[in-house]
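First up is the structure itself, then whatever we jot down about it.
By letter and in written order, the chains are A, B, C and D; residue numbering begins at 1 in each of them.
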Amino acid sequence: MELTLEAAAFWTLAAVIIVSALLVVTGKNIVHSILWLVVTFLGIAGVFIMLDAMFLAAVQVLVYAGAVCIMVVFGVMLTQRGSMEKSSLFNKRVIIAAPLAGLILAVAGFLAAVSKESVPLSGGTVPADTVSSIGEWMLTRYVVPFEAAAILLLVALIGAVFLAGEVNTDADGR
Amino acid sequence: MLMGVSAVHFVLLSAALFGIGLFGALVKKNAISVLICIELMLNAVNINLVAFNKYVTPGTFIGQLFAIFIITVAAAEVGVALAIIIAIFRHRLSVNLDDFDWLKW
Amino acid sequence: MGFPVLTACLLAPLAAALILVFLPKDEDKLHKWVAAAGTFVSLAISLYVYFAYNKELGGLQFVERVPWIKDLGVTYFMGVDGLSLPMLLLTNLIGFSAVFASWNIKNRTKEFFVLLLILIAGVMGTFIAQDVFIFLLFYEVVVIPIYLMVIIWGSSKRVTKEYAGMKLTIYLLIGSAFLLAAVIATFVKSVQITGTPDMSFKGLGQVAFPEQFQIYMFLLMLIGFGSLLSMWPFHSWSPDGYAGAPTAVSMIHAGILKKIGGYGLIRFAVYVMPAGAAYWAPFIAVLGVIGCAYAAMGALAQKDLKYVVGYSSVSHMGYVLLGVAALSVVGINGAVANMFAHGVMAALFFSMIGFIYEKTHTRWIPDLGGLARQVPRLAVGFMMAAMASLGLPGLVSFIPEFTIFVGSFERFGLLAVVAIAGIIITALYVLRAGANTLFGPPREEYNHLKDIQGPEMVPLVVLGTVLVVGGLLPALLFDVINSGVEPIMAHIADYLPAAVQIGGKY
Amino acid sequence: MHHAWLVPLLPALSFLVIVFITRPRPKLSAAVSIACMLGSFALAALAAYGVFTDNHFQHRPLIYDVHWFGMQGLNVDVGIYLDPSSAMMIFMVTMVASLVQIYSTGYMKGDPGYPVFFSYLSLFAAAMLGLILSSNLLQMFIFWELVGLCSYLLIGFYSHKISAREAAKKAFITCRVADFALLLGMLAIQIIFGTLNLDELSEIMPHFENYTTAGMMTLIAVLVFIGPVGKSGQFPLHVWLPDAMEGPTPVSALIHAATMVVAGVYLVGRTMFLFTEVEPAMHLVAVTGAFTAFFAATIAITQREIKRILAYSTVSQLGYMMLALGVGSLTASFFHLWTHAFFKALMFLGAGSVLHALHHKADVWEMGGLIKKMPVTGWTFVVGGLAIAGIPPFAGFWSKDEILLATFLEGHYVLFALASCTAFLTAFYIWRMIFLAFFGAEKPENHPHESPGSMTGPLLVLAVMATAAGLIGTPGNPLWQNWIFFGHPHHGEPNIPIMLISTALAAAGIGLAYLLYLKDKDKANARALAGMFRPVYKLIYNKYYVDELYLWFNRKIVDGSARMTYLFDIYVVDGIVNGVGAVTKGLGQNLRCVQTGKMQTYALVFFLAVLVITVALAFTDSSSTALVMGGAK
């Protein structure tokens, strides 16, 4: 019954992720929340590494911890005026939402626990060269979703620009 | 229990993260906070997908591919959502979701 | 299959509507003549079909079949038999008259006549379609023009025209919802039993449905067709609807649209679900009798002419139900003939009331009086309709009523007596309305009124002729109807309880 | 004789011609109408001559039938049924109708509705003749209703008068009530015996037990009888007939005295085979007839309007005819029908002539001494009076005597007494009217003048008939009795006491009227008498309040329940309909509050639902549990 390295890594990462996620949710200052969010994302990147998904871990760090968080900070800057002290408060739904979230967790946990036997305990071996494999898959079998995602990104880009840039048409639009 | 790390562990981790994100998404007043919490939920899903990729179908990368698409879509979503929040903020001078109730009757 | 006569008949009004669409907006006269031409072609064709129909041969004639949706067994299946023929003729008689009854319409004539023509074509389609699917299709075609016509050209009295239009439409749609459910269930069941999809009346009629199934389905159909036929207690759309509707719509609605209910009840419900019919027949008879007596009493209390006729038509439909419920050759013959007779009579009534309203701007009986001196021709038309309504022998409605009475009295005994007593009340309210409108001291404010003339005479001449000819030569009507009814009754004879002799009832 | 079918057709033709062609030209219209009527009369006379000279027809009527319409279970023929009864009727109807039409050319002169009037008269004649010649009950019913329609139109001829309009409506609806029963009777006959053909029915009836019970048979007979009760103005449905006097006087003479109202008697006579089989029905007919005769006669005593007196007299005389039928004597009944047609038409036309002269002043108390200025009208009226009172040898005597005799011989002594009283009353009220109107002092405010020849001519002809029409049926010369009978000819031995009694009663009635209304110049005794029996007088003068009773019933019960039904309809039935609508709408109103527009609430509910569904799927059904447990094999 010794603590394997794998287990130690998992429990550490899990603790980091859960604690930082809780801090994200409970924090009253939104800037602090975003900073804790970065920690959560990094923890998740660690989990990805544990799961032999190197490429994904990199993407996670680049996209989530980097780009998304920066973008959210920009969002905060553009919308929040004055003090950040109480910029991220709870509303009245706490009373229902807390038990609901707890229950969903409980049910998911229970189901996961019951179905333990049917899930393989130790994973298979993922090919080491994940990046090239994924690249091949993406450009062959999954080329259509890939292109669709590309188009989606383009649309989102244009849409975001249009929505955020509305300020100019505003004057004559109304 | 503490010894090996199996798929169940990751599923439980993912569930916990999802629960936290859900809780935040439901109770936060600030629209950007809600957006952040939604990202947490998406990440929880990603953990699940990658975990199953490793434990169930290690050779085919389906889970990872799925996760990549989710990340892509999430990035797009964040962009558009922030743009919408900013646009609304311009009209209402508020990011409190409870003020955005003009979908009602 | 020779020249598609029935399709031509069906398309003539639609063609006229199409031409109307391309005409300039303010050519009022032209619109009316185009509409008249379209309906005239239909009328001529249907007259030809009526008299060319081979009564000795019977069955479906002038058949056209084009498969349409193979998987659902839907066929563009047109044909006429003794049941459809009088209805087809009636539709075109009334359609043609309705165009002339609307001769004085001033605003949006183009839209009005386009809708009117679509309406006529739709109703016609329901009567010649021999496929349930096509039947329902045409029925749905009818509903929307009516709604538009009521709320645009209608009049608000006791209730607003918007209310009337909505009530009318919702009732029609509720009826069709029940029907749709019944049709789908019947179709699915028939496929389960026979394995081949077939939506024609004839095909469905051949299927041996389980008895319990028939009983449920018949109830659905009864509610569906019954609310169309203004069966009590689903009747309250009828007086309000007619009062709100413009003349032409009242004519078509009371004259033919209502008859789709009775027609469908015989053609579809009784034919396909004979065991259900036998099970529910006493129930139908009771509702019919209540409808007769109740609506007659209701009509007695009315002071608005259109309400009088509205309630009266509910009462007359009670007779039709009673005839159907008798489930005998005599009863059903009477029911079909009465539908024809009532259609002609109600249409004439509404057209005359329409003219009165146009000229005096009121339908409120206490405000009218002595019109017989000022507008004698109008008075003649009104009186003819009134007399037909109270079942005066020598006009078209007496023999059908008599036939229904024979059929229902035979089967229901005392129950039928209540309905027959309705003829007294009918006489009371019809004469009261007629006398107070037409007779008594003439009123000065109506001295300047112009009698109906020229095109306005068409409804009176056409419908009046039918009233008299049908009354003097009932065989013209009954031979045709009988040729359609007898095969139906022969088909369902096995399911019916043994005829009850009247002597046993006392 | 084989052209009998033309008899009703000629007037019908004239109706069409007037309506569609000659209406703008009044004179021509009248000419067409009269020409057709006379032609019809000639044909009818020929037919009657043929029938009466050939004994063969008494047992085997001439029948032509053609198929009219039919289906399995209901076949109806129409046709002509010519036997002595119908031959007599068509002869009488065409004759009276011709005379009335000629009379009308004078009476209706200058009326704006002149051509319309003649068209209605033609239509009426056609319908009436059709009724008489019908070979089938349904056909008879059709014409029965058509004469009702003509009656309606003609009573309401002065339609601008509210009283005329109301009287017409009353007539139609009263008859309608009766026709309802008749229709029921016919339906029962059709259903039980499978035919409405008179000839076939008369053969079936003696063996009706093979088809139905005696109780049912009685019911049918009673139902059939109610129709004539309405049309022939028998108690209690007599109320419409006096009001029908609102119509032009020629109409009253033709329709409401001579022809249409006797259609009821005729129908009962035609369907005698229904009644003779069941005793109670016969009694009902007899009692109704006798009571009506007496009842109407008492009312007639107190009435003041000349036409109303005549109307009640008509009701009374129709009661006689019914009585005769009820005691089984078709002969007596039809004989009285025949004579009555002439003398009553005569009196009505005479009354019309008086009204014409006095510009429609109808109260007999305001007349007086008219006979000096209007000799022809006056003396013919006196002839009519003698005939109706039953003074030999005028027509009425013979026929009334026949009825009394038949009643007596059949052993209905109470009815006989009632009928004898009625004879006395009849003589009294008719002569009261004659003395008041034609004799005594002239009233200075009246300026009567004799009517033109077109009106007096028919009066003279009818006066001759009123005198002589009875002579074909005297005990010494029983031609009538050999022509018209039910079953077999019936020869009552001439009963001298009965003749004497009836003559004495008639003479007494006339004498009493003379004492009270002519000898007594200021009519003090009459007034005193009326004063002495004030309550009775009021009761009778107000016609026993039957009209008021019906009016009350109509106003309160019928209209009241109609009102209730309508209120029920708009508040309950429509209330439910609108209620369903309101509930749907209200539900929407309330449910829309759930749509707060707050996204997080929606999400909350969404995840709650996810939770519930997941739990439900995972913990209830095994198959779905496996689904939720994931791709686990």
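By definition in this document, a contact is a pair of C-beta atoms (placed from the backbone, for glycine too) under 8 Å apart; a residue touches a chain by one contact, two chains touch by 3 or more.
Just so you know, these numbers come straight off a predicted model, no measurement behind them.
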So which has more C-beta pairs touching, A-B or A-D?
A-B
Farthest chain from chain C by C-alpha centroid distance is chain A
Give, as an integer number of Å, the spacing between the C-alpha centres of chain D and chain A.
100
Centroid spacing, where centroids are CA-atom means, of chain A and chain B in whole angstrom
5
Whole-Å separation of chain centres (CA-atom averages), chain A against chain C:
68
Just how far, in Å, is the C-alpha centre of chain D from the one of chain C?
35
Can you list the chain C residues in contact with two or more other chains?
none
Among all residues of chain D, those touching at least two other chains are 600, 604, 607
Residues in chain B with touches to at least two other chains are numbered 22, 26-27, 56, 97-98
So the complete set of touching chain pairs is A-B, A-D, B-D, C-D
List the residues on chain A that touch chain B in their complex, please.
1-4, 6-7, 10-11, 14, 17-18, 21-22, 24-25, 30, 33-34, 37, 40-41, 44, 47-48, 50-53, 55-56, 59-60, 63-64, 67-68, 71-72, 74-76, 78-80, 87-91, 93-94, 97-98, 100-102, 104-105, 108-109, 112-113, 116, 119-127, 130, 133-134, 137-138, 142, 145, 149, 152-153, 155-157, 159-164, 166-167, 170
Of all residues in chain C, which touch chain D in the complex?
167, 170, 233, 235-236, 240, 294, 297-302, 328-330, 333, 370, 372-373, 387, 390, 392-394, 398-399, 402-403, 405-406, 409-410, 417, 420-421, 423-425, 427-428, 431-432, 435, 438-442, 474-475, 477-479, 482, 485-486, 502-503, 506
Residues of chain D that touch chain C when the two form their complex
67-74, 138, 141-146, 149, 156, 159-162, 164-166, 168-169, 172-173, 176-177, 179-180, 183-184, 187-188, 190-192, 211-213, 215-216, 219, 558-559, 561-563, 565-566, 569, 573-574, 576-577, 581
Residue set of chain D touching chain A in the complex reads 600-601, 604, 607-608, 610-611, 614-615, 618, 628-630, 632-633
Chain A residues touching chain D in their complex are 91, 93, 96-97, 100, 103-104, 107, 111, 114-115, 118-119
